[in-house]
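Structures incoming, each one as structure tokens.
In the two complexes below, chain A is the common chain; its partner is chain B in one and chain C in the other.
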Partner chain A sequence: MARAAILRRLSWQAASIAEIREETDTARTFVLDVAGWEGHTAGQHVDLRLTADNGYSAQRSYSIASAPADDRLEVTVQRVPDGEVSGYLVDAAQPGDMVELRGPVGGYFTWDPEELDPVLLVAGGSGIVPLMSMIRARGALHSRVPFRLIYSTRGPGAAIYADELRRRVRDDRGLDVAYAYTREVPEGWPRPAGRLDAALLTAAGWPADLRPAAFVCGPTGFVEAVADLLVAQGNDPSRVKTERFGPTGG
Partner chain B sequence: MDYLDGNMLAGALREIFTVDVTTAQARCAGCGRTGMVAQTRVYEHAAGLVARCPGCDGVLIRLVRAPDRAYLDLHGTSFLEMPMP
Partner chain C sequence: MAVVTRGFTGRGRVDPKLPPGQYLTEDFPVLSAGPTPRIDLNRWKFSVVTETGQKHSWSWQELLALPAEDVTVDIHCVTKWSKFGTRWHGVPVDTLLADVETAADYVMAHSYGGYTTNVPLEDLTDGQAWIAYRYDGEDLAPEHGGPARLLVPHLYFWKSAKWVNGLEMMPEDSPGFWESAGYHNYGDPWREQRYYGD
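Moving on, here comes the complex of A and B:
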């Protein structure tokens, strides 16, 4: 690991919500001000903790959405049914509110820009968030490492960052984006609504011979299905990194 | 019950250790399988976190954080090998 430097122990620190952006009906991006923030590696996450007046507290892990080069830390949170942390953040939090933060953490699900192998990113729903940090990191570095993203969402309206992805496909050379819509498709869309399958992975991914670095993030069932398909297509399991957020990720 | 990745232990372990233990190789004391801590299966229980071996489902790590202390049970892990500078 490139970042094996000895660090300090981490503890919780205060973060203030500087800005909130609506991404979709159920997802918001929080721009956080954190004193002494020393940056992160694309793909890492932070733990956020909320404490009620009666002392009850709840914490969850959220992927960092911003690029390491960005001045400010951004996380995108999707509301999950009955999610006590995501529900508060998406429905009630306001700019100026404080949360507690621990991070950045996690050295496994990260993209190292010095690795020149082609990259396949596969996102299910809000699993796009850490992958977007990698795409933004690549853009900020003007990296020429070939990236392909396959993004599975219910429909076009549920896709987070859709406008930015469209712009980056135009401007960031060597980035391709394909969508797998599972419930509703735009008019004239060539592929019927349905799950991401082997055919789309073949068409929009990389041949296993190229030894791509694959990052798969989404709900548990999605991640396992995609990882199994990639291994069945000849990818080395050690080259397929996964991050599940599961239904308990709320 | 649904599980998460060992990757999500990173914050809780970085409260205790100064290196990222999720990128360590852990050997399961039960079946002998070695794999990255980030790839274990983590179950959240009321008071703590339990990381199980993806091979045999044995408990590798059990971590409970109380307000003034942490309990870390590693008896299911026979070794941890981690990158060091």
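Moving on, here comes the complex of A and C:
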């Protein structure tokens, strides 16, 4: 069944930007209207293609941020240095603009709500996006599967979805969120600025004997380090799913 | 009839060495589905297994003793980056198949960590594929597939299985890891065969 759902030919579809939300100084969420969108599984991505009026085009992959149950598809895009596509989207795109899209893509880095094992989500920077889709999917289903998110950002201002995560920790039972700030911490924060380490993974994650399903998404170096720590803590490598991006991107 | 995105100009240049939909990168991004396996070279083994169950195996020392080539190629990742002029060193797959008798048309590459990818045999022979163990003059780093990876540069780079430890000859084609997860069965970047049905 899952395979049949995944193996579907993906055509380019026109999408209009219905709404734009500023998430941080460098990240925006795009609410897209796509006629006949057939839904997705939390964790998947789409390809976006932009075409200039001289016919030149460029395409990039972006993770889906919205839950499968949401009415409209949302992607969150972080501007990357010299980003040909992300630069346009974050700095210039406006509601009403048209792009092309195809997807959803990817049948591995996905959360299946029927799996009842505890879930550990570890995000570095904009690696939060596909993990947020999972958190939103869980919320929409009123799932009681225990979720723990550890979110590493430069500082509080760089955290995408911070307000929504605060609200969900209050309202979505069984969701915990911990932050690892790498450069600047708020007043009175108990942990000094620094990288996510084994101690924080132990404190805010799950014991390996519970066989949690782990999803790690972020820049390559971050994902390499976190995945190595999780394996060193006794997690089965096959239970640690990763998605890496950068240092370049678009 | 393309949809034009208002105000988008992009870089505006099309490099004829770039397959459709790709962009050029100077660094070397990493795409893997899980943690990077760490492999003890004393235990490393590479095997070719035929459809009749015949097995040919090489230890790490035996692999290094085989004649190897320097290869400079462009590589293309399905996630859209391409990198030009990458320099590898490794053993041609032709060498490893020289004494292998098979009537199979397809190959499943297997890796430490459980990764698999399927490739037609004819895409691995005649100087088109290598078991590469050095990159840019250095030992191949684990995150890029070391100690050794398959190198099939004319296909999208997920076909160049990292941490490779074997080639299984298959009379019938069968999808590997990404091929079962929505990606194209063959993966020719010049025909932009990214996803199922492209």
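In this text, the second predicted complex is superposed on the first by the 242 of 250 C-alpha atoms of A that agree within 3 Å, B and C clash if a C-alpha of one lies under 4 Å from a C-alpha of the other, contacts with A are read in each partner's own complex, and residues count from 1 in each chain.
Simple rule for what comes next: a residue touches a chain if its C-beta (ideal position, glycine included) is under 8 Å from a C-beta of that chain, and two chains touch if they have at least 3 such contacts.
Bear in mind that the values here come from a model prediction, so they are computed numbers and not experimental data.
In the superposed model, A:L7 lies in contact with both chain B and chain C. Comparing chain B with chain C, more residues of chain A are touched by C.
Within the superposed three-chain model, A:Y88 lies in touch with chain C and out of touch with chain B [touch as defined at top].
In the superposed model, A:G107 makes contact with both chain B and chain C. Of the two partner chains placed around the shared chain by superposition, chain B and chain C are both touched by A:T220. Contacts of A:Y56 after superposition: chain C is touched, whereas chain B is not reached.
Of the two partner chains placed around the shared chain by superposition, chain B is the only one that A:V46 touches, whereas chain C remains out of contact. Residues 3, 6-10, 47, 61, 102, 105-109, 220, 242, 244-248 of chain A lie at the contact with chain B in one complex and at the contact with chain C in the other.
Put simply, chain A touches chain B in their complex at residues 1, 3-11, 45-47, 61, 102-103, 105-109, 220, 242-249.
Those residues of chain C that touch chain A in the complex are listed here as 2-14, 21, 23, 25-27, 29-37, 79-81, 113-114, 143, 177-178, 180-182, 194-198.
On the side of chain B, the complex with chain A involves touching residues 2-8, 10-12, 14-20, 22-23, 36, 38-39, 44, 83-85. Taken in their complex, chain A has these residues touching chain C: 3, 6-10, 14, 47, 49-61, 84-85, 88, 92-94, 97-100, 102, 105-109, 220, 224, 227-228, 230-231, 237-238, 240-242, 244-248, 250.
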